[in-house]
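A, B, C and D label the chains in the order they appear, each numbered from 1.
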Amino acid sequence: MGPQHAWPAPADPDYAAAVRASYDSQGLMRTLGARLVEVAAGRTVIELDFSPGVAQQHGLFHGGVIGAIADNAGGYAAMSLMPAGSEVVTVEYKLNFLRPARGAMLRAIGEVVRSGKSLSVVRCEVSCLDPEAQLVTGACCAIMQATMMRQSG
Amino acid sequence: MGPQHAWPAPADPDYAAAVRASYDSQGLMRTLGARLVEVAAGRTVIELDFSPGVAQQHGLFHGGVIGAIADNAGGYAAMSLMPAGSEVVTVEYKLNFLRPARGAMLRAIGEVVRSGKSLSVVRCEVSCLDPEAQLVTGACCAIMQATMMRQSG
Amino acid sequence: MGPQHAWPAPADPDYAAAVRASYDSQGLMRTLGARLVEVAAGRTVIELDFSPGVAQQHGLFHGGVIGAIADNAGGYAAMSLMPAGSEVVTVEYKLNFLRPARGAMLRAIGEVVRSGKSLSVVRCEVSCLDPEAQLVTGACCAIMQATMMRQSG
Amino acid sequence: MGPQHAWPAPADPDYAAAVRASYDSQGLMRTLGARLVEVAAGRTVIELDFSPGVAQQHGLFHGGVIGAIADNAGGYAAMSLMPAGSEVVTVEYKLNFLRPARGAMLRAIGEVVRSGKSLSVVRCEVSCLDPEAQLVTGACCAIMQATMMRQSG
């Protein structure tokens, strides 16, 4: 779109370990079977396989699951740019659903748009993949725009 | 606040059974242990007990769980006013978190603000309860504003 | 809906004068002809008469005008509870349009849901009034949910 | 970010004229001095010069003005892909403010993410420009995510 969203170098050289440690302590991600598959500065990726336990009434991925991994992908993207010892809290998120979420796997890519001292703005795109982990046609099933807040740990 | 949000009488006299049947076919609600405890015309209530499996990294309710039951409470409130045979789909939802979600139980109350032929606008408030199912001080932990769409079944 | 949203007593006894002074320095409100008609602790009301200069392509109130006065009504509701010398900044707002905004006047009622040290969550309802300043049938044309931030002046 | 958001060829070969005619009939855009400077299939650009009449209390662009042109840039991007004779209505929009909106000019770029038969999802980025119409450092001051609905004219 318009101007690039550049963000500063990570303030914590060990940001990836900090993000992974926080992620691993979330019971919900284990319950859902979600995996944090990539942690970069300003960007994280979470994947989740389909199972009946994450479905809505028509056997597709439930919107609440899409929201949960989008929230996390965005939150940890924000945390990756915060000083060592920071915690991240979601202030608000907003999710638009684009298509029925039919697929073998979901992939949520969270990216920072603006990293501030206290507040960060992030976006996330959630897509559906087939059993070979390829994007299905019209893959993007939801987009999120959210605000995250830093807390000193 | 301002004017009352009145909504029409339910178009389907068996709306409660239709809502319950749809809810019961959602695998995610079983996975999370969420219960649909009230279905009225234009309003539904969902409750969920705390367990480590629905927690975030600090041992509180995960925002994704709050979003999942808020989305459902709002969606089924909208569905309760739709003609027989309708399905409900979430167009978008937006959630503001007010406080850390600490408690023994969550309660999500979804209400219709505007019930249209195709689109409905709903709100939801999510609160924390103590082990005696009483609202804790500063109980409301999140509010949602969302758009739901009717689909003919 | 669920629990009441109680908020603390105003921290600044002269909050109404501070809110009015800030409002009066907004060029846009003069351009649009919007009036701040009520300032209470945690609640403000803004009104605006219809004119072709605030219309969209079908001769109704433009959504951008509805957003502008909703944003302000919510922001000043938040500011009314802040310490003396505070400024208020909008972090984000989300607006759902319920009906075509047809009427002689708009009234936006902004209320605080949660007043925090740094961030506040507010809601606003915007309604249409007839030439006698009575609510028209199905008066509420838009609802807003937003986050405001305090800045020390 | 993730998958590309491709959209179909425009259904109305005269979409640009239809968009411009609708835009030109909006009184508010004249009041604010906003200009529709680009209309492409799935994308429109609106610009607006700074003046005290579009300012907030600190002499920067008012958030309501940012919302008004973002709403329009997104809405007309959606309309550009609709069949001849369509009208576009905003269902909801959500705006995150990234930085104080200081500059000589605002530019809002609206793009379609998903163009459906009835509903479209759009995004918009609003940036600040200097007097030479160059993007200022940290130019992007707001991002929007919104739902638009088609109405047959």
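Operating definition for what follows: contacts are C-beta pairs under 8 Å (C-beta built on N, C-alpha and C of every residue); 3 or more make two chains touch, one makes a residue touch a chain.
These figures come from a predicted structure and were not determined experimentally.
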item	value
Chain separated most widely from chain B, comparing mean CA positions	D
Chain pair showing more contacts of the two, B-C and B-D	B-C
Chain C and chain D, separation of their C-alpha mean positions in angstrom	23
For chain B paired with chain D, centre-to-centre distance based on mean C-alpha positions, whole Å	32
Distance between chain centroids, defined by C-alpha means - chain B, chain C (Å)	27
Junction residues of chain D - those touching two or more other chains	91-92, 94, 96, 147
Touching residues (chain side chain B, partner chain A) in the complex	22-23, 25-28, 30-32, 51-58, 62-65, 67-69, 71-72, 87, 89-97
Residues of chain D that touch chain A when the two form their complex	1-3, 5, 94, 96, 98-99, 107, 109, 111, 113-114, 121, 123, 125, 127, 135, 139-140, 143, 145, 147
Chain C - residues contacting chain A, complex	91-92, 94, 118-119, 147, 149
